[in-house]
């Protein structure tokens, strides 16, 4: 009796597994849909970025599905599969492999940070899945022979530093101090500054770090201003960038303060309040959305995205545009390739000349890295909003 | 005989997993590899926490040591991969031995706190050094080769790590059944009584700690050659917590606890990630975390000896005449009712 | 010299933060012998609820009251639903259950409040300057809160019947039981109290912490370190330990490459556990008692 019931149990289990498998296959094999996988940081230390990416991607998916994706003479619906990678490289790898094997994605958006991208690079490369990352590290797209399928949307870190150096030269700043967050994001900034120092472009007089869990950097700031720099550069994301702004202001530092593109839009101003007045940031111009008045097609795209995002979510994040562009680039490459074949999509991506929300992208077989330098602008906080500095 | 049967069933399940995982979504073979690696890393907690009753929240410190040793020695120094793995295991074991020399002189929660702190220190140092690649980590770690055969695909690699897991389980099984294991139980249950009967408590705890560290380091090396990229997350406290959760859920007093726990936890993460967004668009990773924590609490409240312990209790209740075990049940968890290693635990820890 | 003064002042200020968390951990450990991994999460919850409410324009006093009530209720719930029903015989393993509780609290906070760091207005804005040293005024509120909390806990434990009963449980569970004190009731009481303490600390810290659901773990770890320096089962020692930790960290960050700041803090913890597991301040305590 016991044995028989066990057999029945086993049979039922097997049958149910089989049905699950079939059922799952049916929904996945939907011929009118293009699956694109997203691996982003919805929890963990990088969750602030992840949330902005998610909002932007959902906004973009709605826009794209209003007209559909045209591949040859067929129109497909976009099916966005968003998965949390918990800001963890291993989790990102698992998520991505599952999306490749089970969801048969045409392309991948993510990871949203450098470590969650670095862990998937080998996999997407060997499986041949075009991937657009929102991570900033240069190692994501170099060496190019091992990164054939990997692209990224944020500007290469050295472009942001170059833009800052332009401003240093214009306003006679020679001694610069650097305060950075002690993670992969901050390290990319430090690396770019070290390179600039080596090439003799700037004089870095002091350099300090804080962790993404610290809430007070007074000690670090005290050390920095002790060497009397002309300007302090902060390389961090909120709330670190916000706290840095407050601590620097509290220290009585009178020189200029520069932030990189991660400093974080309204979240930054909201957190630092009046203390943020007059601080600078190098960021794609989209952040000054309300002040973009030109009517070239590129500027129209930026203004439209800024308005839609602000209206729908009540604020704007500097990270949003990177996520939006990653998806836009993939869709543009699919349409250009006229095929859902992953290799053809990759080939098309490499030839793209595209005006995205963040700025202009010009990928080539020599460069898979991010938005071009012309898209970057120097912004400043005036009366509590970001405006172009000149 | 029954013991051998247990291992045979375990081996059979391990090696049929690829046939299932490659066919049944949302599983991928990658999940299988992760399960096996986590199981190896958690296995050492069975003697340490389950028997000697010492909580370690620093398994990741040793896991990361193994991962970084493999990464640094093969990428920067071009060492033989197996030699690098051995060096990683030796470093971890040596470190555990040194810490154990001091920490087991007193009883209490000190191991838990010291291992947390050790992991945090290593993670901070790994962020600062150039040789570890700092926060950006070290890419470009080569794949392992066995007899000239490069283990690249997940399926190939799975068979290899599953074999390692099987061997590791055999080793831990031998240890817990040896006189050492019995002494550990005595130490865990009543340190005073054990000391009175002449057992060198600190020494036994130290042996269990070193074993746990070495297994974690081996798992870390296997991880490094699988992902081919290592960063500070391999040293993270969250990983240590996950490993402790794995054995707690699987069963702290059974050699099968680590494998069963790893299967359950990885499955839980995979399924909740796949199905929770179907239920609600807003349910991102956040709800997944709640589900994870709630599952942990529920298992520990209702099955204080983990899932394996629960099965043993059940089996003992169902067949009082035939003894507590019934090998060869159809489900994977059922097979775990086989080990005799649990029997002393059951009699010592009635629920 | 001025620099050193600034480091010490900043260290003391951040130290009050660690002290507040350490106090709750030591209190729970003293009564129940459980290391409460969720203490940092209580602080997070208090800070986050307060910040979210004040961001949306609720009057600060009302926001603080809601944060305090909500967090205290969570502490009560954690003890009732997670700690009390546990059938685990070894007390050590309860730490795993408190980890589970911490995970659920963090996940629930993420679902309820999202990922963004929140900004609460300082109680009194501005920076205090004296002799080249500066300090955010909010830290004075934190320090005052810590001082009041310590005094209240001390008064409760030594001057009230309930508190004395609690100390009785801490000293000898069995003897206390024989005298009619229920260790289970005391456990419930101390967890609830710890959550309330956490909430009060969190409210005072909200303007400094920029709270998001992820800050709990980091706070908890610094709290453990503070409590261990004090000897783990001595609330006043945890407060002193927190201040000591803050100053040590600030000086380490000041005179070493600042990336190693936390390595110093946790390295000290390892050495301390190796060399003096009963706590650095044990000698002080022996004199006192």
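Note that the chains take the letters A, B and C in the order they are written out, and that residue 1 is the start of every chain.
The working rule: contacts are C-beta pairs under 8 Å (C-beta built on N, C-alpha and C of every residue); 3 or more make two chains touch, one makes a residue touch a chain.
Model, not experiment: these values are computed from the prediction.
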| item | value |
| --- | --- |
| A-B against A-C, pair bridged by the larger set of C-beta contacts | A-B |
| Remotest chain, chain B as reference, centres from CA atoms | A |
| Whole-Å gap between the CA centroids of chain B and chain C | 31 |
| Distance from chain C to chain A - Cα centre to Cα centre, in angstrom | 35 |
| For chain B, residues that touch 2 or more chains besides their own | 127-128, 285-286, 288-289 |
| Junction residues of chain A - those touching two or more other chains | 42-43, 182 |
| Interface hub residues of chain C, defined as touching at least two other chains | 107, 110, 257, 259, 262 |
| Parts of chain A lying in touch with chain B, wherever the complex brings them together | 6, 9-10, 13, 17, 20-21, 24-25, 28, 42-43, 54, 82-84, 86, 88-91, 93-95, 97-98, 101-102, 114-115, 118-119, 121-122, 126, 137, 139, 182-188 |
| Contact set on chain A toward chain C in their complex | 42-45, 47-48, 50-51, 182, 208-211, 213-216, 218-220, 222-223, 226, 238-239, 242-243, 246, 250-252, 267, 270-271, 273 |
| Chain C-facing residues of chain B, complex | 49, 53, 55, 99, 102-103, 105-106, 108-110, 112-114, 116-118, 120-121, 124-125, 127-128, 188, 237, 241, 244-245, 248, 252, 285-294, 296-297, 300-301, 304, 349, 351 |
| Of all residues in chain C, those that touch chain A in their complex | 3, 6-7, 10-11, 13-14, 17, 107, 110, 114-117, 119, 127, 134, 136, 208-210, 212, 214-215, 218, 250, 253-254, 257-259, 261-262 |
| Chain A-touching residues of chain B, taken from the complex the two chains share | 23-26, 28-31, 34, 127-128, 134-137, 139, 152, 154, 223, 227-229, 231, 233, 236, 238, 269-270, 273-274, 277, 284-286, 288-289, 329-331 |
